[in-house]
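Several structures are given next for inspection.
What follows is a pair of complexes built around subunit A, which joins subunit B in one and subunit C in the other.
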Partner chain A sequence: MSNALEIKYLSKSYGPKIALDDLYVSFPEGQITGLLGPNGAGKSTLLKVIVGLVKPQAGNILVFGQPPHWKFNAEIAYLPDRAKWYKVHTIERAINYALTILPGFDLPRALEMIKTMDLDLDSRVSALSKGQQASLYVILCLARKVKLVLLDEPFTGIDLLSRERIIQSLIDSMLDQPQTIIISTHEIHETESLFDHVVFLNRGQLVLEGNVEALRQEKGCIESIYRGLFR
Partner chain B sequence: MKVLWTLVRNDSKIFDKVYYPERSPVTSIYQGLANALMMGGLIWATSLGFITGGFVIWCVLISIPFVISFSILNKEWHEGTIGWWLALPYSKSLLLSAKFVASFLLVLESYVSILAIVLIQLFLINSTLPPFLPHTQLLDAFQVCAKDLTWLLLISPFSILLGTLIVTFARSHWLPEFPIVWGSLGFGVIVNLYVVKAFGLLPSSSPSVHHGQMHFISVNGSNFLTTLLLSLSISALLFAFSVYILNRHVEV
Partner chain C sequence: MENIQVGDFNFQMDLSKPLYEQVLQQIRHAIARSDVPLGTKLPSVRELAQQLKINPNTVMRAYQELDRDHLTETRRGQGTFITSDLDTVKQVKMALASEAVLVFVSSMKKLGIDRPTAESLLKEVAWHE
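Take a look at the complex of A and B:
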């Protein structure tokens, strides 16, 4: 199987704080990969490097064989950590904006997801609950026909039902159009059934990676592996 | 072109009404106190003769483009949308061009509104004056205001791009701390006023409206073409430098 991402000896620090430390890892194409680790493990920094928001100090990274560049972001749907959308938008305006601005945005699919997630097109973003906002952000990413989807903490601070809806839409999305999806999350219990592959990071370094089925057979469920690694 | 226009439309909505009601009571109180302090300072300085009404009007008019462009760009960080914005698959020059066009349209709207308010006030004053008192010629007043407006628009690309540069600089590695962004707003306003003054656009000594002779600004030793070329040349440099900083030295 070919790799969507090849990361070699990647290092990044913010002053004295090391975010990525000589990281060497790859992410398989066409699978959902869980990017797991405690706070400060370097998960968000890694996703930011992929879309070019952060420049590494050393090492290199290839996204489908190319170094990160704003042009290749046309093939990447990225949900930033603690993302917020323009407060002045209604959901309808956000969708229209995305349709023009985000390449590969699939309007019928977005409208279908809005219906599934029970969102009102006329609602203003500023009036949405956290769960509804998170659902909107996931729609803005998953309704795109792109090669790579990066979701940085898509479930943070949202209720169980919204979380389940988002997970269901991720499953539907993979069935409709196979993509490479990387999800950074702390909600391992709810999401581990989604993952085909997992990457565990700690202090900017790779701790463990592998196929989920193989790891389960060898070491038990992903949550218990996580506990074993970081307790 | 469609992408640029969509970005411009989005950027120009910064002053939408819903932007304001979300302020916390503490922020509103703080802002009220800051405004009261500023107004008090202005009244005090005016009463002592340190500044004149003409100077205040000049400062406000000259600062409008700078403050608008500063707010439009800074909004991406302030609202938490910077991650989406910087990850868009478009060059930084296109993203900043959209901010520039949006700022310019808002500046134009602000200046035209001020011009309209002045003319409406003149019309109302005229219509209430007794017939034996001299009346302001509205056409003359319009011509004078339009001339000032042209000069202000001429200089506005510089002020807009100074605002853009100050925000990108303040958000770069070079100045990473958040409070410095707001400090840089004051610094930028002062730099903007000094440079515009160097361009030859000075405060008017007679800002009162009488007989269509009112000027918002006084043009001293500058001609239209030289100022236009100078403004565009410096603006191009500021734009290129802002793009460079955003590309190389801004991380989120």
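Take a look at the complex of A and C:
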């Protein structure tokens, strides 16, 4: 199986703070990978390097065989950890705007997802609950015909039902369009059954990676592996 | 563990074991125990993945294995159906029974019980309750 991402000896520090430390890891193509690790492990920095928002000080990274470049970002849907959208937009305005600025945006699919997620087209972004906002941001990423989807903590601080709706959309998305999806999350128990593959980071380095079913066979559930690694 | 009913099937998923094997085993057992009538349609991959909240690839892998064992038959555009062939079901039933016997023998051995004692215990046990 080929890799969507090849990361070799990648290092990045912010002043004295080391975010990525000689990181060497790859992500399989066409699979859904859980990117796991405690706060400060380097997960968000890694995702930012992939879309070219952060320049590493050393090492290199290939995204589908190419170094990161803004031109290739048309093939990547990225949800940052602190996503924001125009507060005055209604959901309808937001998705119409998304259609004009986001390459590969699939309007019918977005409308369908809005229905599944039980969102109202006329609601203003400023009036949405945290869970509804998170759902909207996930829709803006998943309703795109792109090769790579990067979701940085899409489940943080949102209620159970919104989380379940997002998981439902992810399952639909996996069936409807083959994509490489990378999700960083702390909600391991709720999400581990979705992953094909997991990558554990700590202090900017790779701690463990592997196929989820093989890891379950060998060591048990992903949540307990996480506890064992970081406790 | 939570019991999840999907169509005619019941599932209990344990995250500490491979999920693909659990889906496969639980459908196998349901067929062998005649919990579901022969010829029944299996839930679609989407429906089962959604209800169990698992990766659709996991469901597809289990379904492929059932097809390979001829326990199910996938008809193009219609879905996957449990076999109507009684002999196939009987074979699976015997295979699952042999597995259960091996588990039994292994736990007897661990207890230090020898074969004659285990056999006499089997003879004494009440089958009908």
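Definition applied: the second predicted complex is superposed on the first by the 231 of 231 C-alpha atoms of A that agree within 3 Å, B and C clash if a C-alpha of one lies under 4 Å from a C-alpha of the other, contacts with A are read in each partner's own complex, and residues count from 1 in each chain.
Just so we're on the same page, contacts are C-beta pairs under 8 Å (C-beta built on N, C-alpha and C of every residue); 3 or more make two chains touch, one makes a residue touch a chain.
Being a predicted model, the structure only gives us computed values, none of them experimental.
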Clash or fit, subunit B versus subunit C on superposed subunit A: fit
Report for A:192: first if it touches subunit B alone, second if subunit C alone, otherwise both or neither. second
Is A:172 in contact with subunit B, with subunit C, with both, or with neither (first, second, both, neither)? second
Which partner does A:224 contact after superposing on A: first (subunit B), second (subunit C), both, neither? second
Spatial angle subunit C-subunit A-subunit B, Cα centroids [nearest 10 degrees]: 160
I'd like to know which partner A:32 touches here: subunit B for first, subunit C for second, both or neither. second
Between subunit B (first) and subunit C (second), which does A:213 come into contact with in this model arrangement: first, second, both, or neither? second
Taking the superposition as given, does A:57 touch the first partner, subunit B, the second, subunit C, both, or neither? neither
Does the superposition put A:66 against subunit B (first), subunit C (second), both, or neither? neither
Tell me which partner A:124 touches in the superposition: subunit B (first), subunit C (second), both or neither. first
Just to confirm the value: shortest Cα separation between subunit B and subunit C in the superposed three-chain model, in whole Å. 28
Interface residues of subunit A shared between complexes with subunit B and subunit C: none
Per the touch rule, the subunit B residues reaching subunit A in their complex are 2-3, 6-7, 10, 13-14, 16, 18-19, 22, 79-81, 83-84, 86-92, 248, 251-252
What residues on subunit A touch subunit B, complex-wise? 48, 51-55, 70-74, 76, 78, 80-88, 97, 100-103, 124, 126
Complex contact set, residues of subunit A against subunit C: 31-32, 164, 167-168, 171-172, 174-175, 189, 192-196, 213-214, 216-217, 220-224
Where on subunit C is subunit A touching in the complex? 13, 15-20, 45-46, 49-50, 52-58
